[in-house]
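Here's the structure we're looking at; comments come further down.
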Amino acid sequence: MKPRRFPWFSYTVIVLGGFLMVFPFLDMLASSFKGPADYNRMHYAFLPEQFLLDNYGTAFEKLKLGLLFRNSIIKSVATTVLVLLTSSLAGYALTKLRFRGRQLTFRFILATMMFPGFLFLIPNFYIMVHFPLVGGNDLFGEGGDGGMAQYRLALILPFAVSAFGIFLMRQFILTINDAYIEAARIDGASELRIFFQLILPMTVPALATLAIFEFIGSWNEFIWSLLMYTVNTELATLPVGIQQLKSHLDASMTQPLVNAAMVISTVPILLVFIFLQKYYIRGLTNTGLKE
Amino acid sequence: MNRLVARSVSLMTVSALAVGMAACSSDAGKGKSSGVVTLTLLSHYAGPQEEQLKPYIDQWNKENPNIQVKLEPVDFGELLKTISAKQTAGKVADIMHVYSMWGGQLGKSKVLADPPADVVEDIKSNYPEAAVKGSSIGGKVYGYPTEVQAYALFYNKKLLKDAGYDNPPRTWDEMYSMAKKMTKKDASGKIEVQGFGFNRGYASIVDQPFLSLLATAGGTLLSDDMKKAQLDSDTAKKTLEYTAKFYTDGISDLSISVGKSFPAEQTAMTIQAGWWAGTLAGTMKDLYANVGTAPIPSPDGQTKGSLAYTWMWGVNSKSKNQKEAWAFLNWFNTKPIKDGLTPEANFLLDAFNSVSSRKTDLNAQKLKDKLASDTVLKTFTDALQYAKPEPNPAAGAEIQDILYKQIESVWSGQTTAQQALPLAQKDIQAKLAAD
Amino acid sequence: MANKRSKLNRGQALTGYLFLMPVFGFYALFFLIPLLFSLYLSFTEWGGFDLSLIKWVGLDNYRELFREGSPFLNPIIKNTFVFAFGTVLLSFFIALAVSYMITRLKYEGFWRTLYFLPTVTTIVAIGNVWLYLYNPTNGVINEVLRKLGLQTVRFLDDPSTALASIIVVGGWLGIGSSVLILSAGLKAIPEDYNEAAMLEGAGLWALYSKITLPLLKPSILFVLITSFIGGLQSFTLSLVMTKNGGPGNSTNVGGLEMYNQAFNYGNWGTASAMAFVLFVIIFAVTLLQLAVFRRGGVESY
């Protein structure tokens, strides 16, 4: 094969485009060191007049950052683990186990993807706060104060199953040769054992993809958390906390503070992605969103 | 290899369980222990105002170890949403600071508890009629009136003087021509100083100055019985066209925030409520001496008009501690604790440079002195005498938003007063009819 | 033997149902019940607090949405479509070009991370950062325009540019995930296809349009459908950047209006009716897209 020419054009486009992608973040970072007067001056300047680290300290203090981080981490980790578990179980059942209604179940799950999330926002809100026997509610979901919204579980439950996750796992498990499973069955291994010891290890690349996808999604999820927060302020996650910080303070004077808070909340998730993106891409390629 | 995977899987399961447990155990077991009642107090007093409110709450909490009050501040824009979500969830705040405009909506859904008879009696005999009306829904009192605020003109004496004016405008025409003269633009045509500007950002802060101007021309939003919208009147059209002219003629710029530019002396005149004086004093420091206030100009220079809105402290009908909640409110609104003033009066003075409307507070020497020496304060207490109360129909918040969106469309040049008002009239009438 | 076989099958079926239990439970609780509840609500008037105050009003809510001059149809639904189309077009074409170019560069992972940056960031942060970039007085975009001697733009404060401004942010935001899926699709195309074609002397463009694009169709379908559905639903950006869809209704979209109707005005019935209308629209659009692609020779799942 003849050596390709150096792709000048592609480099130029990608670098320029990349700059446009990154600039808003650099601006966010730079402004997080500005003082209020510096931030509000008549003409824009990228760099702060002097670098103030105070914003970070103040943001930490005003934001109750400990609580926000704890909520965000618990929400994201729990959601991710639950989705991985439910998706792989379902993905396996839908491909390698024979039972009546299998195809129908799969079609149903696919169809649910077409229903927009906001259709469920209102009823799910009602269901969560009137969850029977939780948070002071009686058997009929009445009489309590906040129901499920008393607990962090309220941030997690509505995201415990993901149709996309099931779909992804099913597509991946389809590519696993039945012969392995048959062999294990003949050896007398139980289905549970086959699933946990044979199938799961093979699906690690797809699981990694799904895990990253879910983790990022729930870390950044906003509307549902905001609703739960209005019921119980103890449930604030990072995005909600930042938005509230923004509206509690005189915006013109304290935007740099908000910027500092945004930097604080963005960095962890960015690191997660940077370190794991290799697996993410590989998983996406292998699961073949093709077929 | 297999063992490793098995181990990691079991680890995963265990951690899922652990996280689940952690998620469950968040704030269980709070609330009533050993006879201590904790009251939550939901208000839009957030940020700096929360700091001003806190000392009085702390004082109560110290004196009443068995009834502890916990503040729950939210942004004004989130308050109604929060009340509504909490109400549905049953996790209600015991005490709420409520905007009278929402009274109809909250009353319809029975959110507010009936006050004890002595509280009603106290309110009826100690507050001026406008305040009592503001804290009533359908003629029935629901809580202690707090901020009763009217609108007036704020202007910057220095900017007026620089342009050769010694006095604030008295008529609409004067205000327009003065504003035009004071507006300064740079070479590219960007406005650097605007002669006049309206506040923007949410419905009430846009609607109320507009309705105040409408009042100076003798118009109102709704008929007195709140059955009919009045936006089809000539007065409404004239007023909306007048306000829009500031934008279409390049005197004001929608993208300039008055909240920022007035204290920076880049906006010469605006229409705002009395509480804003407190904010300005805080942000402008020495420059606050340049701030003047006057009644809102009217078409003929004679009529006085303004709009007054009311907030009140109410108790939630679903609260399990209503008795304690009224006990706290009773203390907060009626017991003199410092300089002969109630905690509420002290707070209003600290946070907004506003005056309590309660008779006992007004009789206190401190407020008398204050009123005698503070001309800004006087403008607004005078305005309360002639201001019209803001109506509170059941669809109050929605009607406010309808008007707000139409006003903004006109100001931004998207449509004209001629087209917008009939639309607003029709939509508002439909909402009124629905109740 | 036959006996053993059926026993095995029964065991498999049992395990299958067992494995799917969490999924069935979840969909019963968070899909079917809410769906029916919400459908019922859409025919009622309800302030949201007390179930005993629900009032059946038949088709009134829907009639109100479709009445002459209803702001829901114009501009809210219109805005919803413009927003979805705008963001999808913007992000898709850019992503198509970027994903292709990236595969030809060194340090692919690095470049991809750059483009994915917005996707891993919360929309709250994105919205706030762009608010500052768009700031008419001291935002960087207007500063650049001024330096170039051009007219400055009021972006979010001007109803004629407000929606477009939000679309740009939405498009910018969506590039990353589309790039990711498209690059995954590109990687799955066997290298020898290209080499064979190259040997036959095909140019780059011919190569791209004749071989790469057709093979990429499934990924393209996936990207278009998911991002279009996402675009029709999304309202967080409007919420964060304009709070209420202003100025006027110029940036108000279906989801935002529904949210405000329920939680601000206490019109849960109207809100539910809006949700269903939007759902029907999204459903129809999705079916349409699938049909178009099927005709184009792509089998869907």
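By written order: A, B and C. Residues from 1 in each chain.
Here is the rule we use: a residue touches a chain if its C-beta (ideal position, glycine included) is under 8 Å from a C-beta of that chain, and two chains touch if they have at least 3 such contacts.
Note that this is a predicted model, so its numbers are computed, not measured.
If the chains shown are joined wherever they touch, the resulting network links each chain directly to all the rest. Between the interfaces A-C and B-C, more contacting C-beta pairs are found at A-C.
Our note on geometry: chain B versus chain C, Cα centroid distance of 36 Å, whole angstroms. Mean C-alpha positions place chain A and chain C at a centre distance of 16 Å. Multi-chain contact residues, meaning those touching two or more other chains, occur in chain B at positions 77, 81, 85, 88.
The residues of chain A that reach two or more other chains are 40, 85, 126, 227, 230, listed in rising order.
Contacts with at least two other chains are made by residues 137, 263 of chain C.
Against chain C, in their complex, chain A makes its touches with residues 1, 4, 7, 10-11, 13-14, 17-18, 20-22, 24-25, 27-28, 31, 40-44, 46, 85-86, 89-90, 92-94, 97-100, 102, 105, 108-110, 112, 114-124, 126-127, 157-158, 160-161, 166-167, 185, 191-192, 195, 216, 219-220, 222-223, 227, 230, 238-240, 242-243, 246, 255, 258-259, 262, 265-266, 269-270, 272-274, 277-278, 280-281, 284-285, 288-291. Note for the complex: chain C touches chain A at residues 8-9, 11-13, 15-17, 19-20, 22-23, 26-27, 29-31, 33-35, 37-38, 41, 94, 97-98, 101-102, 104-105, 109, 111-126, 128-130, 132-133, 137-140, 142-143, 172, 175-176, 180-181, 183-185, 187-188, 195, 198, 218-219, 222, 229, 232-233, 235-236, 239-240, 255, 258-259, 262-263, 268, 271-272, 275-276, 278-279, 282-283, 286, 301. Contact residues on chain B toward chain C in their complex (touch as defined above): 77, 80-81, 84-85, 87-88, 105, 108-111, 188, 190, 201-203, 253-256, 395, 397-398, 401, 405-406, 408-409, 411-415, 423, 426-427.
Taken together, the chain B residues at the contact with chain A in this complex read 1-2, 5-6, 9, 12-13, 15-16, 19-20, 22-28, 46-48, 72-75, 77-78, 81-82, 85-86, 88-92, 257, 259-260, 283. Contact residues on chain C toward chain B in their complex (touch as defined above): 47-50, 53, 69, 71, 136-137, 146, 151-152, 154, 157-160, 243-244, 246-250, 260, 263-267.
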